[in-house]
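Next up, some structures in structure tokens.
There are two complexes below, and they share chain A, which is joined by chain B in the first and by chain C in the second.
For the complex of A and B:
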């Protein structure tokens, strides 16, 4: 019983925050009051959560990687075209995209290891390179898959991919040494180094892992829409930032629970915000501002939890003194 | 004699700086070997090379008769060498069990990490070391500096090392913490394992060590046998001249004016401080003593506005309320924290930037900071406090602990602060720098400044303070005047 109570306590914050926001949406927008909308929200959060889990490894390792969006693009185009040409089916698309994403991330890690240039510079340079390469390979057409591939947009395909991604992220973060090394390096580089952790290799590995999840996200995108078009002039940054926002919201609502679950709920909240903007016909040019404000609000609440506790204590002390 | 570790002609250069110049050391099995020297003498560099943190520039080592050249801390640990470092060795944001197995999460021959095994093993190790109260799942940052140090001790001992290096670990600990480390050292000796013990506290060295090696300016000076160990002799070998023995103030005190430089009333902090009030007067050194957990370190932070109390107020000489560090700095208050590396200095910046850090508003001409003025100010202050350095452009991280502390003081002198809150100002500092800091404190006091000195060293409190406040469980338990000439026992009685 104690274990159950402990478990519920761990996850109550993220579930409660998401539930309250969904309830508010349904309260103010009657058109959203249906189970299918709720299911849609839960499904729409799946793909961004996959990329968010990859981004999490970079954030934990102290890497600034703005190239994951471009890695998604190149993984989709290379992986999708390769699987299609070889007739490997949807499983082939998933495998090829993951391999292509891993390779793109590994290049980023390798360059960081060889050049010892900050990851932010490496990732921006590679983002430009990957976007340009995508505009050249396969005649610059990107990738278009047939309808037989479109099985990942709905249940059970999307759930299978979510479970696959979750399992992979959990394995890497909780069951393999690299997950602990990444956390240690990002939290205190010097102590990690003094304890025999290879800091450069660990940071490089985090970049590669993010690439692997970029591949997974690419596969889900392809399996949902069947299309990936080339993008230029840092157009992939949006994908990267959306994933980062899911992570930031996720981190702020995780509490003592599992951060991977928190990021999934963060992704659901992001989708909910975007749905709310649509429902209330909010001008599209301001929608990013609203999303950004929500992220700041979540981070603010998270960062000031200690301050709120202190305020509570102070009030209690003041009440005690009065009595 | 059964030799465990032999270090021969050890050399280490950091860029143009020669940290070790042909040092040798012979460590016998079952021996506690002291390593002493002034700050910058090369003690920590040598211990870091033995523990695999640094790679040497030259020289050789053998462990148990076989060539030994660890490429990492992990390699040294596998060879049976563990290091208890001066700085914090645990990671905030990671749980206790994750910290306990840092870098060694997987069991030999296993690819997967078993969290259950890590938790169980951590629990066992903590229990064996008398740390039953520590929750293995909680973030290490939730525990005090001393508890985290004890975690490191438990981690080091858990590997059953044949050589344990204790590098200046004890000075930051309370009496209880020190006793725990002495227990570990005694058990190592009885078990025919060896310890290299580094400390600036010569009394401690004399109590604990079987032999002592003295280093000076990166060079080997001498190794003294137990029978030859004598405090004055160690001091003169460390500093290369006879030490005059005068550390503390010799005056009778009583020079304080009636003017309050800083006052606090009814300071409460949940579970830490229970309504502390005090007044620091100009021309006074006010000592604050107590056990590590008495709340005195938190009190220092509160007086500087770095920690907000639940209730109570702090007022400057002008009567302004101190609610943040910005308020304190504006009112000419300076703070030298106990943990200087993380709370006071920018380790990766140079000496000039560190000294100028609090004075940009004084240096600027409009929006422009003249580099010449910045450099001149840094050179003047560093010269005045005799910081051992190549130039003010040298990275601060390359300096020894004592010289870093001098830079921390320079920073506030540059700003013209005359009210100082000093938390363990001579922690981990050698005799020479210690004496220099005491003289500086006297100078500040004589010029009408005020110093609130928090200290865990009773001799320092008695030797330097005009007045001593003793804190017990977050409340003031007594006060002594210099004229009362209190003894250590008088203070201890109020602390416990």
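For the complex of A and C:
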């Protein structure tokens, strides 16, 4: 019983915040009062969560990787075309996209390892290169898949991909040494180094892992829409920032629960905000402002909660010392 | 030591890659050599700044302009792939440095028209604008006041949007969802056209989502899914653009979640597979066929560069759009208009619009041809 209570306590914050926001939406927008809307929101959160989990590894490792959107693009175009040409079906699309994404991320990691230039510079340079490459390979046409590939937009395809991504992220972050190394490097670089962790290799690995999840996201996108077209002039930054916002919201509502679950709820909240803006006919040109305000509000709330907790702990310690 | 050398080599490769990606536009030196019927001792050179040549419109424009240049004996230098004002200005500078005496460009935003125009004016280079009207009145006044401004051409996008809403209304569809373009870009007049069309036909736009500028298909999927779930009465979707995979993402989402009896679509630009979608009733109308816009602007600019301007002042041309409403029309459209391998205008017509070959060429020759533009006209006048 205690274990159950402990488990509920861990996840109460993220579930409660999401539930309250959904309840508010349903209260003020009657058209959203249906189970199908709730299911839609939960489904819409799946794809962004996949990319968010990849971005999380970078954030945890202290990397600034703006190239993850371009990695999605190149993974979709290379992986999608390869799988289609080889007739590998949707499983092939998933595998090829993941491989292409991993390769794109690995190049980023390798360059970081060899050049020792800040990841922000490497990632921006590679973003431009990947976007340009996408405009050249396969005649610059991107990728178009047939209807037989469109099985990842709805249940059970989307749920399978979510579970696959979650399993992979959980394995990497909680069961393998690299996950702990990334956490250690992100928490304190110097201490990690003193404890024998190869900081450069770890940060490079985080970049590669983000590429792997970019590939997974690319596969879900292709399996939902059947298309990916070339983008240029840093156009892929939007994809990267959206994933980052899911992570920031996720981190702020995770509490003591699993951060991967928190990011999924963060993605659901992001989709809920978009839905709310549509329902309330909010001018679309300001929608990013609203999303950004929400992210800031979540971060502020999270920072203040931490501050309050610290204050509480200090007072308790002081009281203990007095007694 | 070896590692250091490898690192330096990699850094150099990275820098070169980044430079090639962002520093300069995709200048295409593959412009055809001038081989007009009257060989020029010194062919004039015109630079063209355009967004790309990979989609249907881009490839048609590229072929039409190259062909016209060949016919009238003018050299063309392309700068492709610029998506902001700074990049377009850099391309203009590069093209002028490469010896271009005229610049045709499609401003990505109003500021681009001003910056590129100002640069051309200061350097005594003729310039003309294709596919765009300038919405900012101050910028428009500045550009129109430039001595070297030849003129512009744009499509009646708002009118085409209204016409397409009327087609939907005839089909009994009056509750719309809008795939909206960001109001800051020039093509946003399509939003206004759809709104005006809805009002004129007793319809209503009940919801909208904005076209993502990162080309992320998830935005389209989520937008359409929300339309379907939140507005069960919605019976049509107004698409402002089919490019960057928008059409495929939207149509695939619709096909997975609803039927063509429930939802129909009208769209700007055609996409792969639209003929089948016309046949199965998903698409009610599509507006496209504006590629001759660039051809006429190019010919107008060439006349100024070659010293036979059509007018003492600037010229505003208007390009008609074709509204396709059936699979049959779609097939004709793809054969005659949306086909980079087919030249809409014959070599004789092109020459007749150039002062070098026709000393009596006038603005009326241009406007008459443009007024006559239709699918039937192209089919009747087809000589290929």
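Here, the second predicted complex is superposed on the first by the 305 of 323 C-alpha atoms of A that agree within 3 Å, B and C clash if a C-alpha of one lies under 4 Å from a C-alpha of the other, contacts with A are read in each partner's own complex, and residues count from 1 in each chain.
Everything below uses one rule, namely that contacts are C-beta pairs under 8 Å (C-beta built on N, C-alpha and C of every residue); 3 or more make two chains touch, one makes a residue touch a chain.
Everything numeric here is computed off the predicted structure, so don't read it as measured data.
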### Task
Tell me which partner A:132 touches in the superposition: chain B (first), chain C (second), both or neither.
second
### Task
Please indicate which partner A:177 is in contact with in the superposed arrangement: first for chain B, second for chain C, both, or neither.
first
### Summary
Per residue count on chain A, the busier partner among chain B and chain C is C
### Message
By the touch definition at the top of the document, which applies to A:150: first (chain B), second (chain C), both, or neither?
### Response
second
### Message
Going by the contact rule set out at the top, does A:285 touch chain B (first), chain C (second), both, or neither?
### Response
second
### Query
So in the complex, which bits of chain B are touching chain A?
52-53, 72-75, 77, 85, 87-94, 98, 101-103, 105-106, 111-113, 115, 268, 270, 308, 310-311
### Query
For chain C, which residues are in contact with chain A within the complex?
3, 6-7, 10-11, 14-15, 17-18, 20-22, 26, 52, 54, 81-84, 87, 180, 182-184, 207-210, 212-218, 220-223, 225-226, 229-231, 243-245, 248-249, 252-253, 255-256, 272
### Task
Quick one: which bits of chain A touch chain C in the complex? Just the residue numbers, please.
31-32, 34, 36-37, 40, 44, 47-48, 69, 73, 111, 114-117, 122, 124-126, 128-129, 131-132, 135, 139-142, 144, 147, 150, 153-154, 221, 224-239, 242, 271, 274-275, 278-279, 281, 284-285, 287
### Residue ranges of chain A in contact with chain B within the complex
174-177, 179-181, 183-184, 187-188, 190-192, 194-197, 310, 313-314, 317-318, 321
